[in-house]
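Each chain carries a letter (A, B, C and D) given by its place in the written order, and its residues are counted from 1.
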């Protein structure tokens, strides 16, 4: 049941007992300052959780859960809600027992402790991490009914760590070092190859996220941060970096994270995440509840630089208006956008498109399929459509 | 971090002086990766037959007797010629460009739940068996070892090319995207609710 | 026991079993993606908690706990570690039951639900909140041995909410409205007076912090955000705003949060938080552990604008060097600063001083006492001294 | 949020149209605040004697029979003339500038743990008793009510002045703070470790 526009100020309103009666929380003492040494959300927020899709994989230890984007605001993803993707479950590592080795084409193979790393010059940066498989279930058409599932393999975090270059300089890269292999300490021994130009440009080795130590599921005590590039490269529980003269062709960059096109050929080394956006509210899990004034909100990002503009359509892409971006705009970070609008119960087809600092315009799903077919699994950055019905109910739809 | 005369005692030196030398034993312990050119391959060997036995013992419960996969566990064999099909079957045989990936990955990550428990000979044997399941080697007495390893060519090796989005998708860069009357009135052509696989009360597709 | 500078690369090193043996976390599966719908820190971080000082007050429900600044990095305080200050414990409020009333000198007294507020235009801002009593126990001299206790009544958060002006415009302020009274729904009925110029300038009504709903102890579902001004004004569990023509002189702005000077007179309406800084590492709870390269780190902030510069002294204020500020620099937000330095075991007297965009330079404690005496409890922004002994042990000291 | 002809259906109106009128009963329920000029005082009355009885029953367990405070609970009376002393005693009598604050605060927040449980007459009586404990009224038959309330003057009222930091602390603004040889070699004059009141294993000062 939709509420109509509320009684205008000055019109007759009924007194509410919530106001005229003294409520318990206004009368009796609540919890003291010694109750929660580490605080948690209100019990009334118990629906604000990561969710997994049990039928996706055979095992929860090699699977994914999704960030509840429709419940969040601003640009920072709370650490407890950052989506998880593991290939052998969460490695539980005492930082005192963690080691990072650098070997291969270096002057001196080195071993670092966490204490060593925390004695190196630090930087603080906000970056998005998007899994290349985000929206991957939507290539053939609308499948999952909620932006948590269609777009929830992304988070945006402020990292503290050391530029990778600092560590490489300490070991001394040999001139023929062109690629690095990054390797995790988890039971999947996750490994991926990284071109040396990117490694020396803006890659970080991070030990903190959003002000505190990395969360276990995000690679505690150490992970790689590779701004703008697909999440699978951001090796967690980082234990080794090897320098070499060519890529390794690991399982995660051949069997997975290559993009099969319609002609049977596959793109490899598709590292950059293309510009993308999604309206998080309204969306299937967060339908419209009221006629009258409403806030449309969403996120946009680009692996190529900053988001310059976000356009929103309410009629399925026929007409567009430019949204208001509010909050910090950082390189390779999400931005938050809003459209304040009035709604009188008409059916809406809501879309958003991101435009980045290189001039790239997020394409429609159909335009993307024209180049890529529907079998590439990864890198689906097509424009999402939400259908808002006259009752406010909101659906994930394909349009033609 | 030697103290230099005449220099502010707390000003940092150029070299950090952090970390210690990795020992040869430590490098050997961790540096197990194998590249397409054979770099990193340990000395060792194993036959298809030996691999078959090992596979049935340690792998088949998930991946199936012939690599066909059990339930939703990964399929390792078959699928040749399906990459242009409506539902491609991407396996080691039909899709993987390099044999080194099989060795590297099994050695570090399999069997799932008991990683790094296999000897090098066992990994050679298992790799040989996976080749055989995929009809890349036909002879069950075939022995794979560090010397013949790089001579094996994978069927789909030529099908991979470097990311070309900046040229093949150049039309996605657009200085003045359309704002008004950009398309005909849209019609709904598909609905997630009709497919009905979203978690939360609704059930997913059956495990076959 | 201090470690000396580690064996230089190339010198003989001993193999560690941590590397030569396969560890459990490298072999067996860890937790799957369905284990922690809302994630928590690693069990190895169990010391990273808010701490209270039981002897400070008679009751934990009217008391304070402190942010563990020495354990954090970057500029965002994790929500679970934001210090708490309550006067009647934490009000536990179902957002569906929360109401905000605006009355007094307005055209139309109004009542808003949380749904109403979430339909108003939103903004996202990062601000520090410092309790005016932060460092209050240190007026007479060094008392508490740790920056968590001396400086931990501060946090820095990204808020999402509505400019207060939007709500006031909806009710229609009368021309003679010069002050607002802000009132909480907790059992302390916390109330404070706010000048209308500030209210119309940058004050926000926030419902989200660091991306998710406010935490209960931070005023869930609604709090006031008053950039740069003392934390006590940032009324939590906000239920009412009254417009009037003069300040109310509430208990929290007379009995408390006024500053008693040596001559017996008291300053009132000391809203702005002066520029201040603290070295968080090293500090008593985070001593130096190694000779050789080390990272000094700290936080600086100003209620008058942005932090322009932070200077650090290692010799008790005789000589100063300018620290490196890294990470975002926002208006009325903390900044993170670093000094990368070599330490050979000499005794250090570490200080930091913040300089803000108005040219204000954080004063020494003695210079502050010359103007304010030692009885004002609030607004102690004097320069902190940490004494680092040759063994690395670090102490809170007064110097003369 | 009326729909205007010829205007994009989703463009927002200038007025939000959010919220509803507060009813007079609702305003009465919440608008209990009292200002120094007496604005907000309800009709009511109470004597020092009545206040004494109430105070012993509902307040003395924390604040003490004569407002002297029990343990670390707040002191409400005494301390006159101590504001320049080494350890000032800030109470309602010695420090508070306005009587309205006493009424406003007790009405909204006391007794601690059972807030908003007192009638207006009770709050008048308790306020009268606090005045009496502080020797601001001397007669125990004195009755405080909404009419004589603003005639009571608090002893320390004149001692408050507006924030003057921008002038009295002007010297803290400094274009070129000293960087080299700024002071003589410092000596340690006080140590938190010697005072030893930091939590975590160490005990705090005794509750007297």
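Keep in mind that, in the parts below, a residue touches a chain if its C-beta (ideal position, glycine included) is under 8 Å from a C-beta of that chain, and two chains touch if they have at least 3 such contacts.
Because the structure is predicted, anything quoted here is derived from the model rather than measured.
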{"item": "CA centroid of subunit A to CA centroid of subunit B, Å", "value": "23"}
{"item": "Inter-centroid spacing, subunit C versus subunit B (mean Cα positions, whole Å)", "value": "46"}
{"item": "For subunit A paired with subunit C, centre-to-centre distance based on mean C-alpha positions, whole Å", "value": "28"}
{"item": "Multi-partner residues of subunit A (at least 2 other chains)", "value": "6, 9-10, 13, 16, 19, 26-29, 51-52, 54, 59, 88, 101, 108, 110-111, 116, 119-120, 170-171, 187, 189, 292-293, 340"}
{"item": "Where subunit D touches two or more other chains at once, by residue number", "value": "16, 18-22, 26, 30, 112-113, 115-116"}
{"item": "Touch-based graph of the chains, sorted into line, ring, star, complete or other", "value": "other"}
{"item": "Chain-to-chain touches, reported pairwise for every pair that qualifies", "value": "A-B, A-C, A-D, B-C, C-D"}
{"item": "Touching residues (chain side subunit B, partner subunit A) in the complex", "value": "15-16, 18-22, 26-27, 30-31, 33, 35-37, 39, 62, 71-73, 83-84, 88, 90, 92, 95-98, 100-101, 104-105, 108-109, 112-113, 115-116, 159-165, 168-169, 172-175, 177-193, 195, 197-200, 204-205, 207"}
{"item": "Complex contacts: residues of subunit D adjacent to subunit A", "value": "1, 3, 9-13, 16-23, 25-26, 29-30, 112-117"}
{"item": "Subunit C residues touching subunit D - in the complex, by the definition given at the top", "value": "51-55, 57-59, 61-62, 87-88, 101-104, 108-112, 116-117, 119-120, 141-146, 149, 166, 170-171, 181, 183, 187-189, 191, 239-240, 242, 244, 246, 248-251, 254-255, 258, 260, 262-272, 274, 284, 311, 315-321, 349, 353, 355, 358-363, 367, 371, 375, 385, 387, 395-400"}
{"item": "For the subunit A and subunit D complex, residues of the former touching the latter", "value": "5-16, 19-22, 26-29, 291-293, 314, 340-344, 346, 348"}
{"item": "Subunit A - residues contacting subunit C, complex", "value": "6, 9-10, 13, 16, 18-19, 23, 25-45, 48-52, 54, 59-61, 63-65, 71-82, 84-86, 88-95, 97, 99, 101, 108, 110-111, 115-116, 118-126, 158-160, 170-171, 185-187, 189, 208, 210-213, 215-217, 220-221, 237, 289-290, 292-295, 297, 326-328, 330, 336, 338, 340"}
